[in-house]
């Protein structure tokens, strides 16, 4: 298992969905930076189940407890560790499924890898693990904002077949995003998405979607070629989130159909500096930030645990009909927004420190 | 700069496109495995420019020299290092562009990061660096094949607006792929792609595209949740290749429009084991291989250096018209095939050793 | 700050001496291994202050709480995390010293590095942090014993000027070591050590010493040249323990005065294998275990916080007389024994997994 | 095998003693720093065999070839790679020993670890690998000097039973050290050492010794507790050098016999800052530099390959008399001086960058 992420700003998560709790250790923070626990809690609340009828009715609570690393609200430079206790465990919900690997879930692969037959082993594959990332990501964000003025905002740009129209990324805020329970800042699309998700819920089915994200205020120069390019680490970070199947930066897959003369971001004078006319690059060239907005998209598959009957087989190959009994999200996208923001923050905080190390 | 990739199977590349040469150190190979230098050379030749009129007319040669790590054709367990000398350097081709950052190229970001005004600094952003990856990737592939029977085949599935039809991934071989200079195994699409690339060349423009890849024979159990998931490391690996803007595994972005009941890969009995009816997961669930084919797609932007005139500005913000003078690829896709295979092999070799370490 | 140790068997500690608690995350454990929490607690108790009049009278309790990673007493392959709450905090003991850096303590260097003026920052330099290492080390030991039959025993071989006579390392056990409060298995030397420590306590002074350690049952082949040699990682591990000033393996510094013909460990037949006649190598040659006992020595300086008056200066350079007021150990050696064992176990567990990864 | 060292300033060595050559990749250098190749060559020459009758008569030459990373004598921020070809290989010298593991050499452990029966596998255990470290270390030194004013000087303080008197570390230079072929700056001790080494050479035997080292100009604040403490990484670095059996910083093992009131380095006013009256700490407290001289000692065992007859056994356990036939050093200490300096520089350069990353 690989539960640590980052080179200098280093995050280690622990905890299973059905164990005592989920937590995180954030090592490598600069000292003397103010960190607000309530800001962390706010991001946890945005990830929390049960916020609206669009998500699972589990009421997890998820109060973060600080264990170390802060004094008088400021970082000490020592590891910041945080714990969120698990409260609302209902392992019995899953008992019936013990011999049947849920299709497209990690049940089967965890058993093949770890030989473990327990639920708790697979419990690291649960979206609940992302709670630790959100807590750590909020610390990273607060440092990025305090030291560099960086802002990160993500939103739901697609849910099922409904796509949002183009969003004004320059002025988007989390407040605007949160205006809609579905976290899509295009109100018309949001209404359609909501209807589609409610329909899926009724059918005991689930929907996929896309989360888009913009990072503003990243100075030129962040990213470590050739392997730890800014976009390469973002890609790893996003694909490490459960249920993610694709990552695209800037023009993404649409670049394939374009010619160089269409796709090139021509430089233009911009005050005493130079900027670019378009941003097909998504703010990254050669793996290094160029000072423009960093924007990227993340594709989430529909949650695999559904109530709808599925014809599948158990571990011995016997045919069974499986009907998921747990309380699950018809669409994880609204809750995934803060997870995407968190992982982006972890990548940027690490690369910010690595660039500072250059002594230049 | 971050020139090392991998945890146990660890690859370090070095060299600038306009310096003495490009090379690689491959540390962490198991001892006693036969490695063929001519197999390495074959993959380098597939990446080499000047193979056909579709790629750049530069004739680089690119003969690999072994510096250490093998004896009597077998690995010693010590670092395998290889060097490819640069021969066909024409730095004067680039001289005129010294004050003008090429749009969508790494010129500008390298200067902002390293403060270097030299060509050679940006020379790490050159596709020539990928030569070192291909050499290392071939070592990884040979180990994967010898110890585990793994096979990796990539191909061009889209060039510009032309898309190949679905390919039979089970029976695809590199020989079939190489039947067409454009490395697309769909002959009809290949013909259209060739025409499109030739047209772009005539117009001094360039085309983007998509490389698809299948990895066969990967046993269930490889991949290290939660951050070094198999698909997360593949995503990092692919986005670390110059010009890549997107990565998708299995269903990729199309998963967003699907419902869970459509997307779930139902289990079926398969001999003494169980397999899946469909493979929207792309062979990875919860970040761990499930024994099915691993398939993924990589989007390449059109090469930014083009002969066509571009209105841009120099570093001081003065308007200029830039016409690229170097010898460049109208479409890098055919040459990118072996780079994608190489990076996939590096990820799999590392995860294979990490799974072996589990002592189970 | 660097709070993570190990490549595959990876340990991350957190917590300050005067904060909420101290804890650890142990990632990379093989799955399915039985782990006894009471064995962990026993090692913590051996490190605990207040065991005898030779150590500090603080009664910390130090009950370990398991947060994740085990189910039904077995490892899941997921991170094992453990927390020990701080209970007996008396920050006021240290208040008076806030403007005076304690000589040979980390007060001054932490302030210079982190700019922090808080006690808690320096609280990572406290020996209390080693509690997390002992908990993690016990997990490592239990895995090493279950999978490979490795045993580790450390003891006090010198306290102040008193040195123990040669110990029979083949038959030494922790029970024998614990027969004496001072943890020296030579009863005569133990008596003298006890007297010397009591004298130092009376004089409000402290004593240094040496902990010796033997690792039995390590098979030939562990250790990763050239930088992660078994002895190199042991050296790092031991010097990372607070108050350690020296590390010696096998013959140690006495090798300097010997000739090759004296120092060479001649091979002898030993059943179907070959062994060595002497063990000046300390069980390691070329950075790799050779199947003999691994033995090494660790020098601990006298604890810097003493009650005896010291003429020193405060941060502004003003002369002061400092008399330490906290409850501190006249000699940390007896408590350091389990810390040395723990760090040795962490090194060996990591190298065991790395050797297993060799697929041979 | 673990051939990479460092977190940000990252060095990877490759090459066997009897293969094509030995080389190194130095990644993570700040850009724009002047690096002199002749300074690198000078350090290589100081490590080179055949400098005097005290060392092996092999004439290796060892001219360094730069492969990448510099332009116009300055760092580009890209990996600096260097290669030294092997020229004077006489594998036949070793042929007779193929079935007999040399006592206290790495022959046996390399075979047990890698299963390799070749000489070249063991060739990574050769002191020749340290050549790559010296080249990399010289790059690190030049950066440390240019950016921070750090100076590093090592010398032979003991050879066999002869110990040098205390050296004035404040004014010691490499020129002074090199005044004596034996590299001991105490002329009287140097004469005795020379006689002892010549006697050992005549007897076809070898001698051990101690290299001492001082690092001047290191500012307070370098070192990353809790695991990557400055002294912990120095210990790893030194124990990773072939033949090293012990490491001691500051007071080293003598601290064991001292009381706290003797050993504590009392603070004194020192201009606008504060310094210490004594330096038993060796410039490091709590794993962080305190601005005083960093001084440490490294114990080298006598070289195991000797001409003198040794009664040992072959791999099958058959008794044999072994007389080493290669050309070997009667005392490696004079040549080890630049290796110790190099490894110290690698540790300090990495920690310097890591401290810079703190953004403070």
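Labels A, B, C and D are assigned to the chains in the order they are written; within every chain, residues are numbered from 1.
Basically, a residue touches a chain if its C-beta (ideal position, glycine included) is under 8 Å from a C-beta of that chain, and two chains touch if they have at least 3 such contacts.
This is a predicted model, so every value here is computed, not measured.
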More Cb-Cb contact pairs, comparing B-C against A-C, go to A-C
Maximum centroid distance from chain B, chain identifier (CA atoms): C
Approximately how many whole Å separate the CA-defined centres of chain C and chain D? 26
So how far apart, in whole Å, are chain B and chain C when each is placed at the average of its C-alpha atoms? 46
What is the distance in Å between the mean C-alpha positions of chain A and chain C? 39
Counting only residues that touch at least two other chains, what does the list for chain B look like? 1-4, 7, 13, 31-32, 77, 113-115, 124, 358, 360
For chain A, which residues are in contact with chain D within the complex? 7-8, 30-32, 77, 147, 352-354, 356-360
Chain A touches which residues of chain B in the complex? 1-5, 7, 13, 101, 103-106, 108-110, 112-115, 122, 124-125, 129, 158, 160-161, 200, 205-210, 220-229, 231-240, 242, 244-253, 255-270, 272-274, 276, 280-282, 284-291, 297, 299-306, 308, 310-313, 315, 317-319, 355, 358, 360
Chain A - residues contacting chain C, complex: 1-4, 10, 12-16, 19-23, 25, 27-28, 31-32, 66-69, 71-72, 76-81, 83, 113-116, 118, 120-121, 123-124
